[in-house]
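Let me give you the structure first, and then I'll get to my questions.
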Amino acid sequence: MILTRDGIAWRIARDLHEGAYVNLGVGIPVLVSNYLDRTQEIFLHSENGILGVGPVPKGDHIDLDLISAGKGFCTLALGAAIFDQQVSFAMMRGGHLTHAVLGAIEVAQNGDFANWKVPGEAVPGVGGAMDLAVGAPNILIAMSHVTNKGKPKIVTACTAPLTARRCVKRIYTDLAIVDVTPGGLVLREAMPGHDPAAVQAKTDAPLAVAPDFREMAVPQVAANGAKLVQ
Amino acid sequence: MILTRDGIAWRIARDLHEGAYVNLGVGIPVLVSNYLDRTQEIFLHSENGILGVGPVPKGDHIDLDLISAGKGFCTLALGAAIFDQQVSFAMMRGGHLTHAVLGAIEVAQNGDFANWKVPGEAVPGVGGAMDLAVGAPNILIAMSHVTNKGKPKIVTACTAPLTARRCVKRIYTDLAIVDVTPGGLVLREAMPGHDPAAVQAKTDAPLAVAPDFREMAVPQVAANGAKLVQ
Amino acid sequence: MIDKTLSTCREAVSKVFDGATIMFGGFGNAGMPGQLIEALREHGARELTIVSNGAGTGPFALGSLFGDGLARKLIASFPAPSAAQFRERYLKGEVELELVPQGTLVERIRCGGCGLGGFYTPTGVGTELADGGEVREIDGREYLFAKALRADFALLKGHLGDRFGNLMYRGTMRNFNMVMATACDTVIAEVDRIVPAGEIHPEQVHTPGIFVDHVVQVERLPELVKLPKPGAHA
Amino acid sequence: MIDKTLSTCREAVSKVFDGATIMFGGFGNAGMPGQLIEALREHGARELTIVSNGAGTGPFALGSLFGDGLARKLIASFPAPSAAQFRERYLKGEVELELVPQGTLVERIRCGGCGLGGFYTPTGVGTELADGGEVREIDGREYLFAKALRADFALLKGHLGDRFGNLMYRGTMRNFNMVMATACDTVIAEVDRIVPAGEIHPEQVHTPGIFVDHVVQVERLPELVKLPKPGAHA
């Protein structure tokens, strides 16, 4: 049993709490917004100039001038602020956001990670990924544990072009949650049916097992009907 | 016959035209605002965050939150904008203002000038003078031609601590108007009764005389009743 | 009376010369000067260097400049997979790409606009985008040097404008428009509406007129308002 | 529910420690956090490093901190002749002064707030304020290196504030407040009025709450509103 993309997003959302200022990257990370505890006030940052991104607008409530970083229309949450690029990147690079949730191609045991240059993509594009990575104190990675071909993505050293060095704090995969610590990688949770040895078998870098290691507890289906495990 | 402080300001105002964006320093420069041609739209910049400073407010029309760089209350002109320090200094250092009018202790023939560290003043203060000096393409100096003790202030090389190097375009004194050119100083106008030789006698650096040199034409009294010549 | 308004985009872009470097505001369609870009395409200046966050998202707007072969270089952070016209030229080797992290791009433009020569950023240190760059340690952290960036022209989009050149944006239109307005020799803005002097409150002027040379009122072209699928990003 | 409001200035400054570096917003009395400063004076933390454009203009506000001997250093651009309390301490050698051109001060603070290490400015090159500094030629012009500046605390003044920490200023209150809000570990703002969440329009938030830790509503003290003679500057 492993997590779906929604399942990874759901699990990350459980670790975000009131007062967090969070940037959600493309891919699995943007799904996190669907699973946040709406009784808590969590500010979502969009690098094109919003702090306090609200839900996707419905029907004819679309404002053509209000888009988020994914270029889809959005709304504003209570207490939101609008600003330009220089302020937006001050928030990112200046360490003001509390969390950035980003996808990755590879994460290394020292916290290096690679996510901007997709193998096989002939035209490179980096956007704000490197600025987020050097700024936010909590870089959370959301990704599958292995590639489509079964190759581990948590590695001893990245081979793909780096996004930033030594910045990842925690990795959420479809299989496990792994912390990056000064002493190396620490396995905190794994999906039912995958003991530490099974996770290690799919991980290139050595994993220590946390003293409070536990089975991940994720429901089958989310409140919005999305399948969380498969 | 020489100009009063108001006279110098009046004469500078004649050289500022529609569309100019001007910062007026403390001392004689701020007086320039009293003599601008009000039929022309000239924007006055105040480094604390205003473009489009209007006249001093009258009576109970004072807004306690609206002050100019001299820390006196002010109003806003039509088309004014309000901003913070980083934008204000972007305008100054970035070369967006067309003119800065500044006082000086000394101006050298190469356009160096000194105005921030007043001799005998034990506590130094620089404010925005250096930023203005490196930014505005037209640095106009307003000062007396000689010190209280008769010592020339237009010199071959500054002895007082510099504000900036090679930036002065034109010097307006109570006696003359002198341009700083790549070929040296050029005397453009002098007050009636002071021929080029008389101006040179009160000037440390050599003056060439402009082909269109002329006598300065300034009325005795301004429209506001201020004495312009003495 | 100062009057920076012009009546047509054609007139506004008429001074753009072959080989010019041009900054384009906008992130997605918000704050993207679609009509000025169309006028520029018709104007036909060639060998342009384009500074923009991306390279467009289809055959219109920025995409059309690449489609028509008017650009020789792009300085950008994210030429998206949907920027087909750019990508085709790039892969043929007809257009050069200078890839810059988005925050570094913003900051380089800001430096150019505020008279600074360059700055040190932690962004990109240890990555291949730092290759050959100068790295300096400041207070125990490594930073990469980046240089100011200026351009000959800026094409921007505001919501309101006035004859002084003051601009006010709406929603997420501000994006790159505000910094780019400060960093170009000639700054041209299209706006949804030119309003009488004084109608934009001084505290709501986002780009003061000192930075702007020309303002043109345009109607929004429906084809420039591409409707993305809702749900792409919350 | 996020709630960054506090009911007293005393509480807001209670964590300030001996030896702290503190940035103070304000230019003249506009945007000057007079009541927070008074609370800080009563709090009595000593050996402070003060970052401010000036050093006050009399025995109240900043002047009182120097008067009480609470500061050991001032980083400023213009300690005016009217800053008698600072000047007396400075001339006795009891307070150190780091004089920085105003634009360089602003930019150093901005760098500290936006994660940059430093920058190159043309300001001050060839002057005695550049002595010992690193000069670098970039594209044929000389620039002086300046380093980012941060502080432990910022004391700021806004007009409106809300429980999220969002601030809106009035008139010329913005001055140093906006950059300082980004560059300090703990940011405390006094405001004329705390308004309900959502009352400050998102497009009129000048300092987003992410930068602010505490907001206190105060009444303006009449003695802090010194009335300058009109006509000092047009």
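Each chain gets a letter, A, B, C and D, in the order it is written, and its residues are counted from 1.
As a working rule, a contact is a pair of C-beta atoms (placed from the backbone, for glycine too) under 8 Å apart; a residue touches a chain by one contact, two chains touch by 3 or more.
Since the structure is predicted, the reported quantities are computational estimates derived from the model, not experimental observations.
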item	value
Intersection of the contact lists for chain A and chain D	C
Chain whose mean Cα position lies farthest from chain B	A
CA centroid of chain B to CA centroid of chain D, Å	29
Centroid distance [mean C-alpha coordinates] between chain D and chain C, Å	33
Centre-to-centre distance between chain C and chain B (centres being mean Cα positions), rounded to whole Å	36
Multi-partner residues of chain D (at least 2 other chains)	107, 110, 114-116, 121-122, 170-171, 203
For chain B, residues that touch 2 or more chains besides their own	82-83, 86, 89, 92-93, 134
Chain contact graph, described as a line, ring, star, complete graph or other shape	other
Inter-chain touch pairs (all)	A-C, A-D, B-C, B-D, C-D
In the complex with chain A, residue positions of chain D that touch it	1-2, 110, 113-116, 162-164, 166, 182, 197-198, 202-203, 205, 208-211
Of all residues in chain A, those that touch chain C in their complex	24, 26, 30, 33-34, 44, 46-50, 53-57, 62-74, 82-86, 89, 92-93, 112, 117, 121-131, 134, 161-165
Touch list for chain C against partner chain D, complex	107, 111, 114-122, 136, 138-139, 141, 143, 147-148, 170-171, 203-204
Complex interface listing, chain B residues touching chain C	18-19, 21, 41, 43, 45, 51-52, 76, 78-83, 86-87, 89-97, 134-135
Footprint of chain B on chain D - complex, ascending	27-31, 54, 57, 76-81, 83, 86-87, 90-91, 97, 99-104, 106-107, 110, 121-129, 159, 170-179, 206, 220, 225, 228-234
